[in-house]
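Shared between the two complexes below is chain A, which has chain B as its partner in the first and chain C in the second.
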Partner chain A sequence: MVAAEPETPPPTPRHGELVAALGEALGADLVSHAYSATEAWVRVAPAGWLQAGRVAKEHLGLSYLCFISGIDWLQNPGLGGEKAWDPDVEASDPPGDGPGRWKTGVAGGGTRFQVFARLADLTRHVGLTLKVDVGDGPSDPDHPGAAPRVASWVPLFRGADWHEREAWEMYGIEFEGHPGLRHLYLPGEFEGFPLRKDFPLLAREVKPWPGFVNVEGLPGDDDSAEDVEA
Partner chain B sequence: MGLVESNKLPKPLTRLLNWGRSSSLWVYQWGLACCAIEMGAAFGSPRYDVMRLGVIPFPSSARQADFVCISGTVTDKMAPPIKRLYEQMPEPKYVISMGSCANCGGPYWDSYSVTKGVDQIIPVDVYVPGCPPRPEALLEGIVLLQKRIAEEDMGARWRGEAIVVGG
Partner chain C sequence: MTVTESQKAAYIAGQAADARVRVEIEAEGMTLNLGPQHPATHGTLRIIVRLDGEQVVWADPVPGYMHRGYEKLCEVRDYAQVTTLINRIDWLGSFANEVPFILAAEELMGIEAPPRAQYIRTILFELARIANVCLFLGDMGVQLGAITPVFYAFRDREFVLNLIESATGGRFHPNFDRIGGIKDDLPKGWIDECRVALGRVRGFCDQMEDLLVGNVIFQQRTRGIGVIPRDIALEYGVSGANARASGIDWDLRRDQPSPLAWKHADWKVFTHPDGDSFARYWVRLQEVREATRIVEQLMDGLPAGPIRAKVPARIRVPAGEAWVHTENPLGEMGYYVVSDGSPGGPFRCKIRTPSFSNISIVPWLLRGVFVPDVITILASLYFILGDIDR
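The block that comes next holds the complex of A and B.
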């Protein structure tokens, strides 16, 4: 959806070729793409995630896996002046792209969680970021309590093993076909997924984050200056 | 050490033993984060020369150490090994907690993975504040620990009672 916007800069020739070739191989599984002056993003459908990785690695020369990670696009609960996340609103209002629910990044997104990975071609010095929707997890109205899940890339890249373990323990995203989703950084008995935006930090329940007091208006910014004085 | 156990250690002998113990401290270095750089500067560099204080930073295991310097961020995953190696140290043993993270969690006070102070796991004798403390601050912490050892009643420590440090 972002790619159709007129202000999107044109792709570099290498990125244009890569995205065109990937779209040819994946067909409708390539949902959208976006460019910046030096980068390219591609969003693929969940069913095409493994195939996208295979095509990129074996046919497009993107043989180096930089990383796999996850994103929780839920609005930050109460930080930075953004709208606070409200569990009651979340329960009564079905999730979607609406304002105040969650944002979506470049190349768009339809679910709260996304998995993204960056692949690079070390000989042509070109990289590509692939993203995939992985379901809404705990706030999915159709499957409450179901974990977000997507195919694992371990059959393609052995190095994806620890990256996917980290994404699982931090976001609770399950990777189908992963040889063993065990805790990597956290103690084995840890409960919860701490990088989810709605993960409760017990210390902040007792004492608010002190960074709030440092918010000051910029010079010439009258509204925020009045807020500070008030 | 029958004299110590029966609390019949003569005072001159106590002073002699304490002087010896405080002047030859084998330190087990437990560097966990950026404070370990400052600890390395204090313990390993000729500029600060910790060995003039009688501190010897060369034990090859916790079983040969007199005190342990916990420097850096203690995580919940690292806490069990810290407790285990502290238990492996021979008595009498001491702990210096170096830096804000080891003292109380420091900037990670609200983290999901950081232990809010190493004193939740093992008893701490000297806290060195700072983020990170300069090597001089760590040296002062060592001098404070030496004062504590020099004024220690070995019999009281053996009985497990509270140690009162004068001055």
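The block that comes next holds the complex of A and C.
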């Protein structure tokens, strides 16, 4: 288990070797890394994304492409009903854009959108999650409306084609050098990027989350006591 | 040996004639739309193929007809509710979908289920694999014009589904796995019933071996057809039996440290060097046999004890990220769960499904094959539509 906390467990020997070799090849492009008991994360600079994939595939033996996907770190975009039941978030983070309006995950992050991918070595049975900051998208004050973008991995992994098409249609992340960013799941005329946090989920707009009753405090339930049941 | 001028002229004329024919055939080429609803497409997968005579020039699969947006829906549900959704990803082996997600939540919470729960999870996991892959073993025959195997498959799968139903209450969607353990213990007498059903499944495997694997027509239609080389399989992220049929000796049940009980059983991982449709069928056939052996051994060694760990009454998953993947019936299935520590559900849940990657190879694999082989190759890759589209 890794929480985003300062002390991290020591890496497994294989993960330690991999991260060290990747750091040697990438230099300053390897921004940060983190370990858990079974997993390792590496965050690379956007300029080093393609090179990171190439080094991992050709020199470190991580030749199996597990997936490529995106994540939107925008917190509590103030959608009606959606997560509005969480009192902590509502009090501390007013909805809307502003500095510090998104969190970061394991291995950190500096932008709203991140792309993360997992590669594995099927012979030595070791895998690695790579992350890259790809920009703030429409909330970027310097480039409003600019799409988050990063280099495509299609030249390295043929299978990146579909994964990047999915990340593009779900998050609007553009992959430079991709042979054709077409819709994969959604109809061609679909507008918007559904997995972005500020894309409203109509069902939750119309009717607030019915599971509210489960997270509301039970009568006589004290949070600090954290009572357990067998 | 000298070549006379007339021979040279004849050769050149022959080449030119061939080239003309090729141009004509290309001009006469046809774009064929397979699906989305077609008896040979296993659900609503649409494939656009450009044909040159009987040969495929290019193929472009169009998924999305079953896209249900599970990754978005996971973000607005809590952890207990998510299992209801993900049951419907690979609907033939539903229980196997629940396990990696629950393991990811347990990893984030720092909980481990007691040994008996892990054993029962693994038993149900393998039964889901048997129910799922049995259907493939029969269906592959249908794609080649042999109708009998699929009736046998439905007949014997029924016993396995009855077992799953009597243990969990759901034939297809058990929704049985819980954070910290499982919902209920196995019912009385279940283990004896299970042994009988496993015997039937092994009998079914023997029948398939006789009816299909040893059949000349089956071999001619599958051997050397749809060959996936090892490197290409890795680049596309092909996993599971499809990868093992390409000589990749990789099975997460064996190669991944996991709290589940596979490590307590003695079983083998089968690989095949050929990478063709026949190899994929053969590997899956062996895997069903091995699965019955795993279940039997786990039932023999089933430990006593509780089936659920101590879990807070209100589940609150601490902030963090976890990646848990297991060897599902169709291949490597994994959940990348990001929690922000709020009392609701996951902040982000990336679902890595095996069929998505296994089908993304289709544009590469179908190039140059003949139309009847398109159907057998698709059948041998064995995908579930819900597993591609999520």
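Here, the second predicted complex is superposed on the first by the 182 of 230 C-alpha atoms of A that agree within 3 Å, B and C clash if a C-alpha of one lies under 4 Å from a C-alpha of the other, contacts with A are read in each partner's own complex, and residues count from 1 in each chain.
Basically, a contact is a pair of C-beta atoms (placed from the backbone, for glycine too) under 8 Å apart; a residue touches a chain by one contact, two chains touch by 3 or more.
On a predicted model such as this, the values are computed, not experimentally measured, just so you know.
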Partner chain(s) touched by A:105 [first = chain B, second = chain C, both, neither]: second
Which superposed partner A:204 touches (first chain B, second chain C, both, neither): both
Partner chain(s) touched by A:194 [first = chain B, second = chain C, both, neither]: both
Touching partner for A:161 - first (chain B), second (chain C), both, neither: second
Broader residue contact with chain A after superposition on the shared chain, chain B or chain C: C
Touched partner set for A:66, first chain B, second chain C, both or neither: second
Chain B versus chain C as contact partner of A:186, first or second or both or neither: both
Which of chain B and chain C A:122 touches, first, second, both or neither: second
Residues on chain A lying within both footprints (that of chain B and that of chain C): 185-187, 194, 199, 201, 204, 209
Contacting residues of chain A [partner chain C, same complex]: 1-4, 36, 38-39, 41, 63-67, 69, 71-72, 75, 82-83, 85-86, 88-89, 103, 105-106, 116, 118, 122, 125, 127, 129, 157-159, 161-163, 170, 183-187, 194-195, 199, 201, 204, 209, 211, 214-215, 218, 221, 226-230
Interfacial residue positions of chain C with respect to chain A in the complex: 63-64, 67, 69, 71-73, 76-78, 80-81, 107-110, 231-232, 234-237, 243, 248, 250, 255-257, 306, 308, 310-314, 318-323, 325, 332, 334, 336, 338, 340, 342-344, 348, 350, 352, 356-357, 360-361, 364, 389
Touching residues (chain side chain B, partner chain A) in the complex: 76-77, 109-113, 116
Residues of chain A touching chain B in the complex: 185-187, 190, 192, 194, 199, 201, 203-204, 207, 209
